[in-house]
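Labels A, B, C, D and E are assigned to the chains in the order they are written; within every chain, residues are numbered from 1.
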Amino acid sequence: MTRPLLVIDGLAAGYGEAAVLSGISLTIEEGRTLALLGRNGTGKTTLVDTIAGLTTHHAGRIHLLGQDITRLRADRRAAAGIGWVPQERNIFKSLTVEENLTAIARSGPWTLKRVFAMFPRLEERRRNLGNQLSGGEQQMLAVGRALMVNPRLLLLDEPLEGLAPIIVDELLAALRQIVRSEGISAIIIEQKARKILPLSDDALILDRGSIVHHGSSAELLVNDDVMAEHLAVSRIGTSA
Amino acid sequence: MIALETQGLKRRFGAFVVTNDVSLRVERGARHALIGPNGAGKTTLINLLTGVLKPSAGCILLEGEDITALPAHRRVKKGITRTFQINQLFGEYTPLETLALAIGERDGIGGNLVRDLGSFDDVVDEAAELLSRFGLGSVMGQRTATLAYGKQRLLEIALAFASKPRVLLLDEPAAGVPEDERHEVLKIVSDLPGDVTVLLIEHDMDLVFSFATCITVLVAGAIFAEGPATEVANDARVKAVYLGESA
Amino acid sequence: QEVVKIGLILPMTGPFASTGRQVEAGVKAYMAINGDTAGGKKIEVVLRDDAGTADQTRRIAQELVVNDGVSMLMGFGLTPLAMSVAPVLNQAKIPAIITSATTSAIMKQSEYFVRTSMGGPQSALPVATWAVENGLKRVVTLVTDYGPGHDIEKGFVDQYKKEGGEIVESVRVPLQNPDFAPFLQRVRDAKPDAVFVFVPSGVGSLFMKQFVERGLADAGIKLIATGDVTDDDLLNGIGEAAKGVITGHFYSADHDSPENKAFVEEVRKSNNGMRPNFMSVGGYDAMHLAYMALEKSGGDTDGTKLVEAMKGAEWTSPRGPIMIDPQTRDIVQDIYIREVKEVDGELYNVEFTKYEKIRAPNSAQ
Amino acid sequence: MSVVADGSRALAPMPDDAARSQIRRRSRIRLYELVIWFLAVAAIIVLPSKMLILTEIAILALFAVSLDLVLGFAGIVSLGHTAFFGLGAYVAGLFARHYFAEPVAGLILAGAASGLLGFATSFLVLRGSDLTRLMTTLGIALMLGELANQMGWLTGGADGLSGFSLDPILGLFEFDLWGRNGYIYCLAVLFTSTMIARRIAYSPFGLSLKAIKTNPMRAAMVGVPARRRIIIVYTVAAVMAGFSGALLTQTTSFVSPDVLAFHRSADVLLVLVIGGTGYLYGGILGAIGFTLLRDWLSVVTPQYWMFWIGLLLIILVLVGRDRLAGWMQYLPGRLAQSRSSRS
Amino acid sequence: MLTILFDGIAYGMLLFILACGLTITLGLMNFINLAHGAFAMTGGYVTVVMMNRYGLSFYWCLPAAFFVSAALGAILERTLYRRLYQASHLDQVLFSVGLVFMAVAAADYVMGGQQQLIQLPPELSGRTEIIGIGIGRYRLFTIVVCAFLAMGLQLILSKTRFGSRLRAAVDDRRVAMGLGINVPVVFALTFAFGSGLAGLGGAMGAEILGLDPNFPLKFMIYFLIVVAVGGTSTVSGPFLAAILLGIADVAGKYYVPAIGPFVIYGLMILMLIVRPNGLFARGGAR
C-alpha cells in the first residue's frame, strides 16, 4: 500500500540563468529507494539540490505528499520533510558533533540516541568540533544530521564517498531498513552503479540534465547496454 | 633501503590519542597503501609526516635523517610531499601559475623578488608539460576556483608532482574523481620512477589492491596489521574491522 | 568694491568640532553686528575644515594663500594646527590671528601670529594668587597631558609657589581618557585643600560629574579651575554638580556690559539658542582686530603692514578691555574669578573678582 | 616525470608558447598605468594651482601602495600601518632639524628607520586571525603615538615638532610656496616605489605571497617558507611607508603625533579598499578619489561632509566596485581583469 | 587599594556592556561591524532625549535605549546589512565605516556637536563607604547590570539551540537553509539583539564616558580591544578580558600615571601574543 511521496513534473532548473536540468518528471512512492546515476557533471547534484530548494527554479512543479512545494524556501521544505546530505558534507565547522545534530533536529523517531547507536564513532567524538573530524566521520555526521531532521524523503548525495568498506555495507543495510520500515523514501547518488543497484528499488540515469533511463534497479543491473551507454567506464572528457 | 620511517610516533588531542606509538617503515620505491577504519588516524599520520601537525612524541626519519623538528616547507625541500583529502588549492591562481609556483620553489627561485616570473622559461615550460600530462592543458589559463571538481582534484595531484618528491603521500586521491578516471590517475602515479616512494590512503579497495604491493592497516591510531597486499586482503581480522564482506 | 578675503581654518568635524562651531559663531556674530566692510573693502570669510589634523591645516592655509589669495588667516583650534602653518606665514608674509590655540610656544614660530584667545597660563595665574589669598595652602594640580596642559600646570605651580603655597602632587591625565576614576582617587588620597584643574572644555563636564560622584567635595577638597572646565556652552548640562565651583577665566557669558549683551544676543539668535563661550569671543575679537587693522592701513592688505597695525591695538571686547601686546603680539586682558551660580534658572559663571591687565608669561618650553 | 636532471636536451620539455605568453601577460604594462602616470606628470603644467592637494594625494598614494603590499599581497590586515609612516615622519623631521636638512638624505634615513621597525614588529604579525593582526598592529601604532607624545624633549610632544625648514632637494630645487617642486619630488618617489612594488608583485616572490595569503597550509606544502616571505615583504612595505611619512614632513616642515594617530591607519585602509587591493594601483586610484572627494565636500559642506562620504562608501559597497568600475572594461589593457584578482 | 580594584571592575564592566553586542555581531555572526558604536550612540541619545527633553526616569530609558537601537538594528539589517553577509571582510569594513561617518554627521546635525549630559536619579549618584572602600553607587549599578547580562548571554548562547543555529547559519548559510534553519530570521534577530545591547551600553555609558557625535569613532578601539583579547567565540572571554583590561587600566593610571596610557595597549599586545585567538578560543575554529 504505497502512495506517491514525491512527484516531480516537467522540472527545469539551474544556477541563475544557466540551465542545467530540463524536462524532469518522476514519482517516488513511499518506502522506496531511487538510485540516481550518471556521469560527472550530468546534473545529479543539481537535481537533488533543486528538490532541496537550493537552485534556481525555471519551470515545472514539485509535490511532496500532495503539497506543492515548488515555491517554498529551502528551510520550509526541510520542515515539510526533506533531509539532505550535501555532496561536500558541509559540516558546521564551529559546532560540535552533538550541536551539529541538535541544531537542526526536529521531533520524530530519530533522536540523538538513535543516531549515535547507528554511528557509535560519532558518539565517541561527540564533543569534537566539526572541523576536527576525519573525512569519514564527517560523512557519517552528514548522514546523521539529515536523519535528525526526521524527513519523509532523504536526499543522499554520494553518501558513501570516503567511508570504510565495512561502514559502507552497514550504512546501506541500515538505509534499506529505515526506508522499508518507516515509510520514508530515499534518493541516493552514487558513482559506482554496481555498488548501489543491488540495494535500491529503482534507478534513474541522467545525462546532460535529462532523464535517459528510468526503471527498476534489478533490470538495469543486468542491462549491460544501458550501463555501457550512459555510465561508460572508459570514455573520458565527456563531463562538462 | 628505508625511505621513510617513524619511531614510536604519538599524537594526542587533549586526552584523545590519535596516533599511538606508530613505528612504520616504508621501503624506497615502495607502492605502499595505508588503510583503516574512519577516524583511525591515517590523515593525522600524514599530517605528522609532512609537518602540518607536530607529534607529541616519537620521531620521523626521511632516508635516515631525522626531520621531526623541521617545518613543513623544509620537509618539502627534503623531498617529501603530499596531496590533501580535501582539495587545498589557490582559487585565484590559474593551474599554470599554481604549478609554476611549486616548480619555482623547488628550484629555489621563489625568493627572487626582482626578476619577472615570465623570464623563467624553463619553469613555465615544465609547468605546461605537467599540466598536459594531467589533462589540464586546456584549462591552464582558467581560475582554479571555476574549474570542475574533477579537474581540481587532478590539479591537486599534479601539484604534488611538481615538487618532484622522492616520497609522495596521497590522501584519498581518487575521492571525487569519476570512476572512469580513477585508474588513469593511479596509472600516472604507478608510472613514477622506481625510486620514488608512494604511500597511498584509499577506501576504494579495487584501487588499493590493483596498486599496492604492501599494505599497512591502521586501527585506533596503532598499526593493526602489515604485510604484502594479498596477505592483508585475506586476513580475517582485517576483514572484521575494516573490509567487511565486500573484499 | 574690492574684496578682502579672510581664510578661516577650523576643526569643524572630529573631536574638536565644538571649538570650530563656537569660533565660527563668534566670527559671524561680529559681521552681523558690524557689517561686512572695513577700510573701504568688502570682507569675505572663507571657512575651511581641517578636521583637527595638522597637515590638513597646513595645506589648506597654503592653498588659501596661493589659490584664493586671502590676505589674512584666522582660526586654529589646537596648538599643533597653529604650529603647522608657521612656515606658510613666514614664506607668504601674511598675518594669522589665533582664535583658540593657547600654548606659549606658538607665538615664537612666526612674526605673523597675533592672538585673541589667551596666552598660555594667563587664566591660571590669578587662580593661584586667589587660592593662596583665600587660605587654600595645599593643592594638587590635575591637567590634561598635552601642550596647553603643561603650560598651565607650570604657570600655576610657579605662581602658587611664589605666593607661598604648597603643591602636593601634580597629576597628568592622558588626552584620550574615558574614565577619571584613578586620577581622582589619587587626588583624594593626597588629601589636599583644593585641586586645581585644567582639562579641555568638552571633557570638563565629564570631569565635574565624576568629581562629585567620587565625593571629593564631601571630603573637603575644593575644586578650582580654569574656565575651560565650566565652559559656558556646557554649564547647564553639568547641572547641580557645577554649583559653587571657582574658576578663573577671561570670559563669561554673564559679563555685564552692553558689548557682551549684544554679542550674546546675536549668537543666541543665529545659532538656535547656543550660548557663546570663550572660543566664540576669541573669534569675535579676531574679526574686530582684522577690521581695525584694515581701517588703520586704509584697506592696504600688505601682510607686514597689517601686523604692524594690529600691534598695540586696544579695544573693549565683550569680555572687557583688552590689548594686543606690541612686543609679543599676544593678548593682554583682565582675568576674572568667577563662581558658578544660578541666574534666572540657568547656571552662569558669575564674576566676583578681577585681576587686571594680565600678561601671558612666556613660560614652559 | 620527463624533466630530468641529467641535462639531456632531448628530454627537456618542449617550449610551450601558449604557457609562456600567458605568464608574460601577467606583468605586461597596461594602458591605465600609462594614463595615470601621464596625467600625474601633465598636472605639473596643467594644474599649477592644485600642486598642494596633488602632493597630498601622492603621499597618501605611496602610503596606500605600501599597505597594499602587506594587505593585498601578503593578506595581513593592518590597522597600524601608520606606525611606519609616523616613524618616518619623525625621523625625517628630527634629522632635518638637528643634522642635515637635505631632503633626499632624510628620506633614505627615514625609510631605513621604518624598515627596521617593520622588521622588528613583523614577528608579531606572523600568526593569529585577521582580528588579532588588526589589533596587534593597531596597538603598536598607538603605543608609538603615545611615546611620541610623552617624549616631549625629543619630539615636541603634543605640540609637534616645528621650527625647521628643508634645504633645496639635492641642493638644487627649493620647496616653493606653490608646492610645485614638492609635488615633483613626491611624484618621483611615488613612481620609483610603485615600480619597485610592481617588480616584486610579478616576481616569483610576489607569486608566493598571494599563495600564502589564500592557502598557507598548501603554500607550505609546495615549499614556500611563509615566515621569511612575510617578514621580507612587511619590511619592504615599512620602508615605503617610512618614505611617505618623510615626504609629509618634508613638504610641510612640521610633524605632530597626529602622524601616528588611529585615523591615519584607518584612512589609508579605507583608501586602499576603495581602490581595490592586490593590484597596486588600487592605492593610487583610491587616494585620488578619496582625497579629491573629501576636499570638494569639505568645501561645499564643512560641517557635514562626513555624511556624504559615508553615503558614498555605502553605495560603493552595495552597488559593487566592479559594477561601478564596469566602464573600465572597455579600456584596452583590461583593468577589470587585473581587478578581479583582488581579494 | 580596594577602591581602585572596584573602580577597575566597574570600568571593565562598562566596557563589556558596550562591547558585548559586538561580540555577537563580530564574534558570532562574523560581520566586521565597525558601526557598533553608532548603535551605542543611538542608545545614548535616546536616553538624553527622554530624560532631558521629556523628563522621564533613567530606569525607563535603559529598556527604551535597548529597544530603539534594536529596532534600528533590525531595520538596517533587513535593508542593508543582510546584503553583505557574503561580502569580504574588507567590504564590510568599508560599509560599516560609511555608516559610522553618516551617523556621526547625522547626530551632529540633529543633536548638535556638544557633550550631552544626563542627571542620574539621586539614589544612583554619589558614593557609599563600605568597610573602607569607597563605592560609587552608579558604578555598583553598572556592575550588577553587567553581571546579569553576562550570565544571561552565556546561557542563551551556550545552552539554547538558538546559539548553535546561529553559528551553523554563519558557518554555512546555504546548508543551514537546506537543513531547515530559517537563516534570515535568525540573523535579523541576532543582529537586532546585538544592536540593542549596544544601545543599552550607550545609555549606561553616557554618564561616565560622555556622549557626543564622535562617540562611535572615539570608542571603536576600545570595543575592538575587548573583543580581540576576549576572543570571538564565547561571551565569557570578552567578559574576562573587559574586567582584566578595566582593572589594569585603572590600576596602571593610579599607580604609574606616567606610563598609564601604555598599559591597556601593552597588555593587549601581550595577551594577543600569548593567545592569538583570544582567551577562550574554541579550538581554533576560525
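By our rule, contacts are C-beta pairs under 8 Å (C-beta built on N, C-alpha and C of every residue); 3 or more make two chains touch, one makes a residue touch a chain.
Remember, it's a predicted structure, so these values are computed and weren't measured experimentally.
Undergrad: From subunit B, how many touching-chain steps at minimum until you land on subunit E?
TA: 2
Undergrad: Measuring between mean CA coordinates, which chain is farthest from subunit B?
TA: C
Undergrad: Compute the distance, rounded to whole Å, between the mean C-alpha positions of subunit C and subunit E.
TA: For subunit C versus subunit E, the centre distance works out to 36 Å.
Undergrad: Let me have the rounded angstrom distance from the C-alpha centre of subunit C over to the C-alpha centre of subunit D, please.
TA: Between these chains, centre-to-centre, one finds 39 Å.
Undergrad: Provide the C-alpha centroid distance between subunit A and subunit B, rounded to the nearest whole angstrom.
TA: Roughly 30 Å separates the two chain centres.
Undergrad: For subunit C, jot down the residues that touch at least 2 other chains.
TA: In subunit C, the residues touching two or more other chains are 13, 17, 21, 174.
Undergrad: Mind pulling the residue numbers of subunit E that touch at least two other chains?
TA: Answer for subunit E, listing residues that touch two or more other chains: 104-105, 108, 261, 286.
Undergrad: Specify, in ascending order, the residues of subunit A that touch 2 or more different other chains.
TA: 132
Undergrad: Mind giving me all the chain pairs that touch?
TA: A-B, A-E, B-D, C-D, C-E, D-E
Undergrad: What residues on subunit E touch subunit C, complex-wise?
TA: Touch list, subunit E to subunit C: 3-4, 7, 10-11, 104-105, 108, 112-117, 119, 125-127, 134, 136, 138, 207-210, 212-214, 218-219, 222, 249-254, 257, 260-261.
Undergrad: Applying the document's contact rule, which stretches of subunit A touch subunit B when the two form their complex?
TA: 39-41, 121, 125, 132-137, 139-140, 161-170, 191-192, 232-237, 239-240
Undergrad: Can you tell me which positions in subunit D touch subunit C when the two form their complex?
TA: For subunit D paired with subunit C, touching residues are 49, 52-53, 55-56, 146, 149, 152, 157-160, 162-163, 165, 177-179, 248, 252-254, 256-259, 263, 298-299, 302-303, 305-306.
Undergrad: In the complex, go through subunit D and note every residue touching subunit E.
TA: Per the stated touch rule, the residues are 77, 124, 127-132, 134-136, 138-140, 142-143, 146, 149-150, 262-263, 266, 269-270, 273-274, 277, 303-307, 309-314, 316-318, 343.
Undergrad: Okay, in this complex, where on subunit B does subunit D touch?
TA: Those in contact with subunit D are residues 50-52, 71-74, 76-77, 81-82, 84, 88-94, 96-97, 100-102, 104-106, 109-118, 120-122, 124-131, 140-141, 159-164, 192-193.
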